[in-house]
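Take a look at the structure below.
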Amino acid sequence: MLLAHLPALVIVIPLICAPLCVLLRGKDWAFIVALLATWASFACSVLLTIQVMKVGTISYAMGGWAPPYGIEIRLDALNVFILLIVSGIGSVVAPYARNSLLLEHIEERAYMFYCAYLLCLCGLMGVAVTGDAFNLFVFLEISSLSSYVLIALGSDRRALTAAYQYLVMGTIGATFIVIAVGLLYQATGTLNMADIANRLPEAGYTNRTVIAAFAFMVIGAGLKIAIFPLHQWLPNAYTYAPNIVSAFLAATATKVSVYILLRFVFSVFGVEFSFVSLPTAIPLLVLAVLAMFLPSIVACFQTNVKRVLAYSSVAQIGYMVLGLGFVSVAGLTASILHLFNHALMKGALFLVLGAVFYRIGSCNIDRMAGLAKQMPWTMAAFVGGGLSLIGVPLTAGFISKWYLILAALEKGWWYIVVLIVVSSLIAVVYVFRVIEAAYFRDAPDDLVNVAEAPISLLAPAWILVFANFYFGVETSISVGIAERAAQSLMGAG
Amino acid sequence: MKEYLVLRVITKLLLPFILLFGLYVQFHGDFGPGGGFQAGVIFAAGFVLYSLVYGVAAAQKVLPTGILRAGLAGGVLIYALVGVANLILGANYLEYTPLADTMKEGQHLGIFLVELGVGLTVASVMMTVYFTFATWRED
Amino acid sequence: MLWGIPPGLLLILGVLLVPLLPGAWRKAYMTILPLAGLWALAGAETGVFYTFTFFTYEIAPVRIDGLSLVFGYIFHIAAILSVVFAWHNNDTVEQMAGLAYAGSGIGAVFAGDLITLFIYWEAMATTSVFLIWARRSDSAFRAGMRYLIIQVGSGVLLLSGAILMAHQTGSVAFDKMTLGNLATWLILIAFGIKCAFPFFHNWLPDAYPEASVTGTVFLSAFTTKCAVYVLARGFPGTELLIYVGAAMAAFPLFYAAIENDLRRVLAYSLNNQLGFMVVGVGVGSALAINGVAAHAFAHILYKSLLFMAMGAVLYRVGTVKASELGGLHKSMPLTTIFCIIGAASISTPLFAGFIAKSLTLSAAAKDGYPVIWLILMFASAGVFLVSGVKIVYFAFFANDGGKRCKEAPLNMQIAMGLTAILCVVIGVYSPWLYSLLPNDVAYEPYTLSHVINQLQTLIFSALAFALLIRFKFYPPAVNSIYLDFDITYRKWLPVLYKWIVSLVSPGWKSMLQDLRNGLHRMVAYMFRHHGPEGILARTWPTGSMALWVALLLGGFLLIYYS
Amino acid sequence: MNGPKHTSASSSSGEKQSWLDDTQNIDKIFWGVIFLSVILMLLEPFYYKKPYFSFEGSFGFYGWFSFLACAGLVLVARSLGRVFERGEEYYDADRNSGEDNR
């Protein structure tokens, strides 16, 4: 019986547990509640994935009001894939919180952290499951507001400024999205996404209101995704946030925003409108290519490794937008696949940095010199994640690049292939800078006796590193779902 | 504001009516204009008025942080749990029908409870925000 | 195959255990691992194994046939010898990198398709760079970085070629290819980079002399010979390679003749020997391919031996600069003898090189390439002069530099001794090596005329050296470097870059300045109308972010409405 | 061994003297190499060569070709070396000063 209600439960569980954390107060209790909630959500997501793979799209009417009048939860391959990423990363990261928090001076108010964490998870998953455009905005705001709080928890004072900037930019983005939703409502008289898609052709492709809605949606989502050059909020936010938050947000928040863009551009507006009637592909491709290069180069010169990773995230988002800009099943598959794989590698790398920070209190590349001797497992995990980030074969990163290249070849765009390959080489530079420091330089004098990170930090990081390799070899699950999602997105248009 | 006797007296006189009006808006929400959100704000406004006239310390004695926090979390919890109750009773999430014998009464009760949660949370949040600003000092 | 683990992968997986083992156990384990691999390989059947389908392509991770077996054997042997040579070394990273590198090389040789090959190809690049960095000097780090970029670049080209190929033919099988389309050209260039073709060769003399004492021994064996193997597999009989190979055989000698760093001399002469093999690949006849395999086999042994001897000198004396060495035969008599055996093994009768190299020369002659044959003869005489006579003379004899040290560590002596024995055994009993060769060709190296002619070549080469030294014509060893093609990217490119920057930057800066001023005014204008200057002034960066949003939205709307 | 054990230097160190420290012995080796060369040339008429190319059959081809090749190699390399020689810090110079001070 409960199986039928899984679509609701997956977001309700964290929603219930978030206030529970506040009521229970004790940090151990809150931790246990948060842990169980994330795991339960993940379990629900897995079950939902299986269900969707078996029977196709699932629709769930909230409050019993049938769509398109009531709020609908609608799950197809893309939705469950995103759900899987968010809840999966959430449940891997959660056990990490206990130790990671200790160091960052918010121990006594840890329950607040867990509450915000669960709300953020709830919001992100809500965005992923909902079939209602306005509801999507609400969930987006839930996740955004809680992530501002999470970022502001960083031990560095600059975390506050970073969170504030993120708040301003995030609010602008969300406002754009809600403006777009409003305009769409004006044009079509409905908020249900599937219904909007049905009614848009009636409104006409030259309708100025719809075009404005489209522009606002692309820019609003683009801001949330941190498409270059709308990315400036991201480096500070990821750098100064607590490590666990960096890991969680880097792996999930931008991914969910990419989902919003995919969903609206391909499903709601439709390929015909977005790419045939309007010249969207070229600007996106230009931005994507710029994103692949400029932030990568910036990353090469950063001294704080978290910042390196943050800029690298902006670059990796370029790949996702690139695949989207191909407007083909292959391109979308690559894009969705990279969404998943990038979550794995960035999650792993940020968790590793959390372990580093836990021991040496810094993520500066100079302070990490010679660390491989003292923290072999930690740095080995970094190497693993780094290889995936570069896209070395047998890692997840390779798979997504491979599909991206295939998609470009299918279009016959050689120069794009060259650009993809060259930009991967830049990744080699910034990853190997860290590896070189850790393995081939001598440790600073005050850091010669550093112990290996505790198992509670290492285990989540290694799980993700392992996942990087697993999904680099066994691709049937990730590629299978991504392909189905891509087909349904293209088919909808 | 100790010297403004008129204000103090009038405040004391008004306060029950404000709170009562808040409760009216709250419980009448499912029939007429109103509901948890508005009621929560009105309710909180009463306490804000009280603290403006009698001082923040006095207001905090009435509404300690602990209670506010409990209300803040509890309201959300009520909302979410009502939804779950429906689930357990065999309907969709937030589909209130099975809460009572007839559909009409079920919907009635469900909305009532959910609005209660909303009101509780909104009032608590308003007060928390107010107290945060009122007690904030430049370090 | 041992426990069903493909050759190469055995070493790579085995590496994972290395850091867990304590000192002596670890050394024993590291020695036994390649031994086990060799044993397993000796019992292996030929054929293609473990095939599976990846995407839509047929992947063949292991292909065992005559050609890959020869290289597989010698790579295992080289790995064993290199490990023994490195027994004294306790650097875990270096130990792991060395074994993994050897494993990748072996894996690459048995790769039956281009994707597997690419994976091992990149694995070789990334593992071997640690052997260079293990020297832990600034210059080693930079040389390693250059090396890594070039090597990874080669892999990227290979992958591009493979993808193109897959696109065109629907198959990624690694078989004989013919030049003629972009895919095969890319693959050839990828191979050529690792094989140090002229103008792609600089990574070799640049990086090998910078690697650690033990690292260079590893390095000298695998990367380039693996490249020779893939050329022999993929492009036998490609005429272009004959000319490329001839150029490779000749020009590095000029550098080797004057270079001061003796390990760099060896690196250049390694490049020259690769030229021989590339010519053999280019000729492509059954005899020539046999020659390539035999030459690679022998060359790995004697070049390792020479690098080991120089490594021992570097280990004990701290330098291998010809200008600072000399007279070491008194301090290191055994090393001297081993080095002389290594030098003799290049081409003296009764040593390994003699029976191997003559195959290639005969093949070139038989197919009628007189000019090429002459160049090879020149190179053959020259390499004996520079990497044989010169090395031995300057390191162990010459002017006594006054350096006194201990004899090389025991494990190095053992490694050098084993290698020397192999060199002699192979040279004396030629049928053994010949029986390993992929093609069935009868060839007898020990004919009277061949022996005498070879002795004439060598003795007159030595005579030339003796006369040049006696009459002071031989350029004195001095501390300097000699420009090579790498000047293009190490010097000219940066200079060009700086020049362009200096040309462009004033205009660029003023443009940026104007832009910034403009933006500043614009944002300031907006702020005047939106709030108190004081508070918002602090958020100027946020404002600029918002400005970007507005600009982009405006841009999109402009495109859409136009 | 046809090793090149000749040197014109004389060691001045007081430790155990090796056979090579004596300049006379160096001369012996030098003349030994010349003697060997002459012998190998004299062998020329007494065996059958099987030349692939006509020039290969000319008298003492391997000997004189090898000699010329090596002498030429070193002499050419010597003059090339003068052109291409640079100080050891050549490539490092830029990085330190940020200028091209060639």
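Going by the order they are written in, the chains are A, B, C and D; count residues from 1 in each one.
Methods note: contacts are C-beta pairs under 8 Å (C-beta built on N, C-alpha and C of every residue); 3 or more make two chains touch, one makes a residue touch a chain.
Just so it is clear, the model here is predicted, and its values are computed rather than measured.
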item: Chain pair showing more contacts of the two, C-D and A-B; value: C-D
item: Computed distance of Cα centres, chain D from chain C, in Å; value: 27
item: Computed distance of Cα centres, chain B from chain A, in Å; value: 36
item: Separation of chain B from chain D, taking each centre as the mean of its C-alpha atoms, in whole Å; value: 100
item: Centroid spacing, where centroids are CA-atom means, of chain A and chain C in whole angstrom; value: 41
item: Graph class of chain-chain contacts, one of line, ring, star, complete, other; value: line
item: Chain B contact footprint on chain A (complex, rising order); value: 1-2, 5, 8-9, 12, 15-16, 18-20, 22-23, 60-64, 115
item: Partner chain A, residues of chain B touching it in the complex; value: 69-70, 72-77, 80-81, 83-84, 87, 90-97
item: In the complex, chain A residues that touch chain C; value: 164-165, 168-169, 172-173, 176, 208, 211-212, 214-216, 218-219, 222-223, 229-230, 232-233, 278-279, 283, 372, 376, 392-394, 405-406, 409, 417, 421, 424-425, 428, 432, 436, 439-440
item: Residue ranges of chain C touching chain A (in the complex, touch as defined); value: 19, 93, 115, 118-119, 122, 126, 130, 133-134, 136, 141, 145, 148-149, 152-153, 156, 159-160, 163, 167, 539, 541-542, 544-546, 548-549, 552-553, 555-557, 559-561
item: Residues on chain D engaged by chain C in the complex (per definition of touch); value: 1-9, 11-13, 15-16, 18, 20, 30, 33-34, 36-37, 40-41, 43, 47-50, 52-53, 55, 60, 62-67, 69-71, 73-78, 80-81, 84-88, 90-92, 94, 100
